[in-house]
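In the two complexes below, chain A is the common chain; its partner is chain B in one and chain C in the other.
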Partner chain A sequence: MDLKRKLRRLNLWAYLFIIPALTFYSVFTLRPLTQSIILSFYDWDGFNPVKRFVSFANYIEALSDLVLGLALLNNIKWVLISIILSQGTALLLAVLISRCIIGQSFFRSVLFFPNMLSPMIAALIWGRIYDPLIGFVNTFLKSIGYGHLARGWLGSPEWALIAVCIANSWRAYGYYMVLYLAGLQSVDPTLYDAAKVDGANGWQEFWYVTLPSIRSTTTLVLSLALINSLMTFDMVWGMTQGGPFHRSEVLSTLIYKTAFASNRVGYGCALSLMQAILIFTITILFIRIRERSEG
Partner chain B sequence: MRLIFIILLIYTLIALIPFSWVVLNSFKNNTEIFSNPFGFPKQFLFNNYTEAWVTGKLMQYMINSFIIAIPTTLGTLMVSSLAGYAFGRINFWGDTLVFSIFLFGLMIPFEAIMIPLYFILKGLGLLESYAGVIIPGIGGPFGIFLMRNFFRQIPLELSDSARIDGCGEFKIFLYIMLPLAKPALSALAIFSFMGSWNSFLFPYIVITNDAKRPLQVGLLNFQQRFYTDYRLLFAAIVLSMIPVIFFYVLFHRQFIQGIASGALKE
Partner chain C sequence: MRRSFKVLSLLLVILIGMSSISSAYGQKVIKFAYEGEWMLEFFKWYTQKNPDIKIEASPITLEDVDTGALQLALVGGTGPDIMQIDAAPGRMGMLALAGLLYPLDEFYAKYGWDKKFFPWTLRSVTYNGKKYGLPSEVEYIGPFYNKNIFKKLGLNIPKTYEEFKNLLSKLKSAGYIPVTQGTRDPTPRGHIYANFIEASAGKIRVERLLYGNGRWDSPEFNLGAKELQELVRSDLVYKECNSLKYSESNNLLWTEKAAMTFMGTWILYEYLKEYSKMDFGYFILPPIGKDVPGRFTGGLGSGYAISAKTKYPEECVRILDALFNTPEGQKMMLTVGKVVPPLPILDFSKVKKDLHPLQIDVIQKLKDPKGIGYNLSVYVPTTVKNVYYENIQGLMGLMISPEECNRNIQKEWERAKAAGLILK
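Up next, the complex of A and B:
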């Protein structure tokens, strides 16, 4: 009798509601994740029925992999360029829109639009913009008399990564802009009045009132931008596929190529787990920072 | 004040330049794209569009995208609302543990599961099929999280009075809670449809058969096939933007609010 009542209080029937979600999640997320961990200790080409156990060899190889180093360096460059471009644009536009009295929702909707496009459509648009023959950039440079600067941007070892990153920032800023706008709306308006009374100019107001007030938004946006930058794939794949000579290679394109083009499944899994640990660490770190600044 | 308006207006015009350039060029032939890159087309060539749509198989790609995105969305709505209800409304043994296991999923990058997922689908015989893209796309921690947060806000009295009237738990969910959850369900539907429509890497590894490829994967193939046939590429860009524009006009408010409330992960 007592046991029966206890069991009822456990509400185990609730699992009937969760079982569908749990099944999908276990089969298509948790199981592949554990298999990824196991496979990272094997040498396997994806076809051979026999997998060769190599212990930590894949991880040790990664430490001296020059292409991996290059990809990681490109990811870091990507983070820096996109923080300047997409974060700068997003914050600037958010501040301007929040100060604009007429047409606020119009500007917000129109300037957000590029973020609605899939990375592949954006890659297709920017692939044309950078086209060596008919591209917007080159034809524009020629028409204003700077034809000598024209080049095949995506085929250039110096420019490929920067070109793709600019294109990506064009697609990405809208998302961050909306987050900054939400942050700006929660700033206490009396602070601005106080700043005005003290005779602050626009720049001082931004620097001493706006920025400190939206610090938690900035932390959130920066962490999202950092994580997204470390997982970037689609636009790079659509524009350069990591070329020329790995000069625009990033972690995700390298993982894809290792597993599905070079058929090095075990090594690909090891690389993907190293990326996951990197992202995991950054996420935890930012959660800590947020907790500390709020608490 | 007027200065801010003018800066924003200029910025908007700059932001629209790539679009107008693409649209104008999509009506020209290849020689005119060379000779007249910025101007209006001398003659509007609509057959660029019909060629991209039929010969370029853009129509097929878009149909495939719908075939994948609609069941994915419906499945996600069902699975997530059930689980979200349990996490949001019921105290049961192990609830926090199971929920944190789901939350952990938000931090797993797709790359970390993609390689074994390919081999799991291969083992199930689901490679090269729509189902191979649809089924693993169903559910997901994000939808569960969204639905849970919504169900938690509904006052307890509603379900309590139904329970007193002798309503079973599943009936309470189906006839009382689900109709109340319409705003959350429509937000989830919009996000998961858009997510499925825009996703590239997953369908790219599952489907290599061109006849079954969704739009995003098809576009990459299109670009490689018609690399120098510029007029078709421009027309293809415009055609693939049309559903997005349509979608955005209908739902831009929900979309922007969803992001602003922190509900949406890029």
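Up next, the complex of A and C:
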């Protein structure tokens, strides 16, 4: 009887219900993570039975890896460009759709469509759009008399990253738009009435009513965009594989190439752990700053 | 409760029975990862003759090896029993030394393969003294051109490098892209670069690099890289080539927007199947260096290897023997697959009329491997390959100098050498 009471006090049932999820989490997240940490101290090609312990050598090498520096810089550029493009587009479209009286769900579905495409399909489509000879972008530029601006976008050292980032933002904005739409539904309509009474125009309504009211949604969406941008891989891989000559290389493509194409699994693990720590730190910092400013 | 248990048990038995239906018929399932679509015809023929074998065929590409997908499958025991991969240190050698491939020496002795295959082709499937594969095809990699365009403009095949450059200028003036190359993909970068290195440094120096103390950043190698970059700079090799994928670049050739590209004999299959209206020819890139004769690059393209984890090594070997050592297997290889096998043709007089001139040319030169240079991409170890491909892209995108390109490759080469990854 005493034992029963003790067990009840320990919420045994709650623990029992957690076990399946915890098992999955341990097998598919904690175990690989632990293995990655261990492997990052080894020189290993991924399939040889012999692994050579190299202590912190992989981490020391990473500090002087110029390509890693370039990939990190590209990732920062990627974060900035994609946040401006995908967030700007998503918020703008969400606000416009929320004001539609008829056809709201139609527009929501149509505009969400790019997000449903697999990244590789989207990469193929955009590869055609950027084709130097028959692609839409160059054909359009030539047709309006700006043929001198036409170029091989995905092979251009200056434009490759931006070109891929635009394509990725096109694919990503739909998801953020839906989140913003959900946030906009929670805005109290009387606030708009009050703003109108005070003589606010459309822009002022947006700036002083809409934006502050969806602050928590914005924090969530920006955090998601930040994490996704720092982990971005598929569109870059599908369109340029990080080229030309690392000009669109991001951390994830570099890690993939290092671990699986160059068979340097140990070094790849070290890089991926550094990436994970970076994402974790930046996200925590971002959320803290937002919370403080809200507080 | 007891009744539902019985129903469930019955269902389970049926399911197990269905899944092992192949075994019930005594069939052994061999997973075969193939490169050419024509192989499907061979599989059909073979399984009709050998009803105890079921071949589960799946296509494989260079990317499967270069991105590590095949290695992961082999380690995990889910990979193919037989796989067609590049027979070179950077690909087959890497898998062999990792213990992922089945040593085939006993079968070489049993089936007399040692005496059947051309001896020079066996070097590429031998690692640490053991044979881990069968050479599968011999290929040329060099400049392929559209004969119609050449005829229309009255152009001849160049004999010197100066003539080659003049030819490209004439093509450009006539409104064509002289040379297209899909260097957004990694492998076409290696095809064009290796040809320029062969033309500037020659086979002996390349051999010295691969098997001795030669250097990537030697003046002869830099010369080839410099000439290639100059052609890109003058738009004689399409300056936007880094924006094109291999297939997109080939489309420019098939649609007569471009006149030439650097590729290999494997293209015969696609060309004859899809674009046979276009008449194409090939020639050797004339020498750039003074003491170099000028050769195609290439040699042995790929090979067949067997997984170390296969349950049926003997059966796998029998399939491969039927491919190479029966008139039917060879005929399919030559006439359907349009590839050239690395051993004497059993019924050459009978099949000759069905062959493309390029195939006949390759067959005639087979016994003299001196006529073929090295396709460098397959000789560099995996740790160097990325740096190699990236730097060629940088070179062709005018982002780095020829010297910088070769210096970077040399640096990675030295590191691989120190780690014992340069295979002999």
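Everything that follows uses one rule, which is that the second predicted complex is superposed on the first by the 251 of 295 C-alpha atoms of A that agree within 3 Å, B and C clash if a C-alpha of one lies under 4 Å from a C-alpha of the other, contacts with A are read in each partner's own complex, and residues count from 1 in each chain.
Rule of thumb we're sticking to: a contact is a pair of C-beta atoms (placed from the backbone, for glycine too) under 8 Å apart; a residue touches a chain by one contact, two chains touch by 3 or more.
It should be emphasised that the depicted structure is a prediction, and the values quoted were computed from it without experimental measurement.
Chain A superposed: clash or fit between chain B and chain C?
clash
When the two structures are overlaid on chain A, which partner does A:153 contact: first (chain B), second (chain C), both, or neither?
The second partner, chain C, only.
Is A:47 touching the first partner chain B, the second partner chain C, both, or neither of them?
second
Considering only touches as defined above, state whether A:25 meets chain B (first), chain C (second), both or neither.
first
Using the touch definition from the top, say if A:257 reaches chain B (first), chain C (second), both or neither.
The second partner, chain C, only.
Tell me the contact category for A:107 with respect to chain B and chain C: first, second, both or neither.
Once the two structures are laid over each other on A, A:107 reaches chain B alone.
Which chain makes contact with more of the residues of chain A, chain B or else chain C?
On the superposition, B touches more of the residues of chain A.
According to the stated criteria, A:246 is in contact with first (chain B), second (chain C), both, or neither; which is it?
Only chain C; A:246 stays clear of chain B.
Quick one: is A:178 in contact with chain B, with chain C, with both, or with neither? Answer first, second, both or neither.
first
Could you say whether A:132 touches chain B, chain C, both of them, or neither, answering first, second, both or neither?
second
Same chain A residues contacting chain B and chain C, which ones?
Shared contact residues on chain A (touching chain B in one complex, chain C in the other): 46, 127, 131, 133, 256, 259-260.
Once bound in the complex, which stretches of chain A touch chain B?
Within the complex, chain A touches chain B at residues 10-18, 20-22, 24-25, 27-33, 35-36, 39, 46, 93, 96-97, 99-103, 107-114, 116-121, 124-129, 131, 133-134, 136, 139-140, 143, 170, 172, 175, 178-179, 181-182, 220, 224, 228, 231, 233-234, 237-238, 251-252, 255-256, 259-260, 265, 268-269, 272-273, 275-276, 279-280, 283.
Taking the complex as given, what residues does chain A use to touch chain C?
Residues of chain A touching chain C: 45-49, 127, 130-133, 151-157, 240-241, 243-247, 256-257, 259-264.
Please name which positions on chain C make contact with chain A in the complex.
Per the touch definition, chain C meets chain A at residues 66-69, 71-72, 74-75, 94, 97-100, 183-184, 186, 239-245, 248, 252, 257, 382-383, 385-386, 390-391, 393-394, 397, 399-400.
So in the complex, the part of chain B that touches chain A is made up of which residues?
Interface residues on the chain B side: 1, 4-5, 7-8, 11-12, 15-16, 18, 21-22, 25, 33-34, 37-38, 78-80, 82-83, 85-87, 90-93, 95, 98, 101-102, 105, 107-120, 135-136, 138-141, 144, 169-170, 173, 194, 197-198, 200-201, 205, 215-217, 219-220, 223, 230, 233-234, 236-237, 240-241, 244, 247-248, 252, 255-256, 259-262, 265-266.
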